[in-house]
Amino acid sequence: MPAPTAITRATLLKDLRLEWRSKDAINSMLFFSLLVVVVFSFSFDPSAEESRQIAGGLIWVAFLFAAVVALNQTWARELRNQVLDAYRVSPAPANSLFLAKALGNFIFVSVLEALMTPLFIAFYRLRAIGPAWQLLIVAMLGTWALVVNGTFFAAMSLRTRSREIMLPLLLFPISVPAILAMVQATTAILTGETGARFWIVLLVTYDLVFTTSCLLLFETVLNAE
Amino acid sequence: MKKAFPILGILTAILLSYALYMALVVAPTEQTMGDVQRIFYYHVPSAWTAFILFTINFVASILYLAMRKPAADIVALVSAEVGVVFCTIVLVTGPIWARPVWGIWWTWDMRLTSTLVLWLIYVSYLMLRRFSASGQTPLLAAALAVLGALCVPFVYFSIWFLRTQHPQPVMGGGGSIDPRMLHVLLINWLAFSCFAFLVCWSRYRLGKLQREVEQAQALESLTQAPRSMR
Amino acid sequence: MPANGPADTAPVITVSSLVKQFGRFAALRGVSAEFSGGKLYAVLGDNGAGKTTLLRTLAGLNQPTSGQVTILGASKFHDICRQVGYMAHPSLLYDEMSGMENLAYFARLYGIADGSRCAEVIRSVGLDPDLARPVGQYSQGMRQRMSLARALLNDPKILLLDEPFSNVDIHSATDMVRLLARTRDQGKTIFVVTHQAQLLAGAADEFIWMQAGQIVGRTHDLKPPEGTN
C-alpha cells in the first residue's frame, strides 16, 4: 500500500502544477471577487465610518462566492477525460484525494485572500481596532471551514445534473454557522467592540467536526454511481 | 396493517377536530394578545413535529449508510419531506402571529433565524434528491443528511450567541404558561404528531410502490429487448 | 490463482448472473461467463449491447445491481486492483501535463518508486519519454498509446481496454495490436472492447459477442454466432 500522505502530496503537487499552467481557478476567482468589491461599493459609501461595521460581512461574502468558483474547478479538472476513473481503479485511498483537493482549495482561496485583502483595506480604508493578528487565525479557520465542506459538496454535485448550480445550494445552508462566525469575528476585531474568542472556538469545533465527518463519508460519495 | 390505516385515519381526524375545538373554544383567551395568540396551538406543535421528523431523518440516514436498506432511505426521504412541510407551517404561522403582536412580520430573532436555516438545510436536501440521478440519490442524500444534522447544533449555538450578544426587546415567551393552555397545547401536539405519522405512512407506502414499479420496469427491461441505448 | 503461462486454462475471471441497471434501464441482463488466463478476448457488439458496462463492472467502477464478479479469486475489486490495468474510451490523462508527468503521477498512486518504469512503459508503446509536449496536443493515435501506457504502468495481469483503436490511424492501430499480442504472449489476459473487430482478426483468441446486455456467443473466428444480427 502506498503511503496515504505521499499520495496526498503527489496529488496536491499535481493540482498546483495544473493550476499554475492553466491559472483557470485563480484568475476567475480574482476577477470575480474584484467585481463583488466594486459592485458593493456602489450600494453604499465605502469610506464612511459605518462601513467598518459591515466590512467583515462584505469581505467574507466576496470570498465565499469566489471560493465557489474555485471549488467547481477542482473536480472539473478530474472529470475532463474522466481521469477520476484512473484514480478509482488504483489502490490509492479515497481520503488522500479528498485531503489533497481540500488542501489545494485552501491554498487557492488563501492566495486569493492575500491578494484581495490589501485592496479591501485600500477601498474601504479599514484598520483594525482590535487585535489584528487574530484576523489571520479567523481567516485560516474560516477558509478551511469553507473549503472542506466545499470540496465535499463539489464532489457530491459531480453526481448531479446541473452540478455548478448545485454546489452553492448544498454548501451555503450548511456553511451558515461558519460564515456567521467568520463575519462576526472579523467585525469584532475590526471594530474592537467585543472579543472574538467565542467565534474562534466555534470555528475550531466546526472545522474539527466537519473535517472528520467529510473524511468518513467521502469514499461513499466518490464511489456512488 | 392495511386495515389499521383507515382506522388510524379516522382516529386522527377525530383527534384533530377535538384539538381544533380545544384550541379555538376551550382554551382561555390570552390577556394581552387576545385571540391571535391561539395560532400558537398550531405554531408550536408544528415546530415540535418538524424537529421529531428531522431527527427521524438523521437516524434513518445513518441506518441507510450502515446497512444500505432501501426502506431506511424511503423513511429518510419521507421524514424530510413532511418535516419541511411542518417547518414551513412554523415559518408561515410565525409572522402571521408576529404582525399583530409585535407589529412586524419578521425579526432576526434567534428562534426565527435558526428555524429558517434549518428549513434551508432540509430544502437543500430535497433539492439534492431531485437533482441527482436515481441510482445514487440514496447514498448522496444520506451523506448530506448526516452533515446537515451535524450542522444543527452549530446553527443554534451561533445564532443564540449572536442574539444574546446584541440584546433585542424581549418579545413573547417569559413567565409561566397557564396549565389549561399547556393542556390544549399538548393535545394539539398529539393530534399533529398523529397527523404527521399518518401522512408519513401513506407517503412511505407511495415511496415503496414507486420503488416496486421501478423494479418491475427494470425487470421488464431485463427480459425484453431494450431500445438501443448506452 | 493467477495464470502465469499461456497454457494455464484455469479461469482468472468468473462472472455469474451479472445484472447492472441504470435506473430503469438494464445495461447488463444476466451475464455469466468464465475467462481463462493468458488470452486475448475481443468483445464485440452494437452500441448499447453492454460492452462498456461489462468492462467498467470488471474494473470495479460500476457496482453490479446483482450477480458476482470474481477476479483472480477475489470478489472485492480493491483487493486485486494492482493486478488490473484499465483503459477507457476517454484518455484518463491530464491534458495540461506531458506524458511523462502524467505517468509519474499515476506511478505514485500505485506506489511505484522506480522512476525508470515510466520511461520503460512509454517506450514500450512506441513513444518518446522525453517528449515535453502536453498530452492535450498529442494526435489521437499518440494519446491512445499513452493511455495504453498508463494502463500498463502497474504491470497488470489483466488488461481491460475500451475502444483502444477508435480514431487511431491504421498504422498505429496495427502497432497496438502487435503490442497487445506480445503482452498476451507474456501470460496476461486482455479484454478489448472494439468496433473494429477485423483489426484483431489474427490476434484475438476468442470473440465475445454481446447483444442487448447479454453474451450471445463466443467464437474463435470473426463469424457471428447463429441467431444474432
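A, B and C are the chain letters, set down in written order, and residue numbers restart from 1 in every chain.
We take it that a residue touches a chain if its C-beta (ideal position, glycine included) is under 8 Å from a C-beta of that chain, and two chains touch if they have at least 3 such contacts.
Only a predicted model underlies this, so the values are computations on that prediction, with no experimental measurement involved.
Counting C-beta pairs in contact, which comes out ahead: B-C or A-C?
Most C-beta pairs in contact, of the two: A-C.
So which chain ends up closest to the centre of the protein, judged by Cα positions averaged per chain?
Centroid comparison flags A as closest.
Specify the chain most distant from chain B by Cα centroid.
Centroid comparison gives C as the farthest chain from chain B.
So, what's the distance in Å between the C-alpha centres of chain B and chain A?
The separation of the two C-alpha centroids amounts to 31 Å.
Starting from the mean Cα coordinates of chain A and chain C, work out the distance between those two points in Å.
Their C-alpha centroids are separated by 39 Å.
If you average the CA atoms of chain B and of chain C, how far apart do the two points sit, in angstrom?
Roughly 50 Å separates the two chain centres.
Could you pull out the residues of chain B that touch at least 2 other chains?
Residues 133, 135.
Considering chain A alone, which of its residues make contact with at least two other chains?
Answer for chain A, listing residues that touch two or more other chains: 225.
Which positions of chain C touch chain A when the two form their complex?
Of all residues in chain C, those touching chain A are 59-63, 77-78, 81-82, 84, 86, 88, 90-97, 101, 105-106, 108-111, 134, 150, 154.
Which bits of chain B are touching chain C when the two form their complex?
133-135, 214, 217-218, 221-223, 225-230
Quick one: in the complex, what on chain B touches chain A?
That would be residues 65, 117, 120-121, 123-124, 127-128, 131-133, 135-136, 139-140, 143-144, 146-148, 150-151, 154-155, 157-159, 161-162, 165 of chain B.
Any idea which chain A residues touch chain C in the complex?
Listed in rising order, the residues are 1-3, 6-7, 10-11, 14, 17-18, 21-22, 77, 80-83, 85-92, 223, 225.
Any idea which chain C residues touch chain B in the complex?
Listed in rising order, the residues are 19, 21-27, 29-30, 46-48, 52, 212-213.
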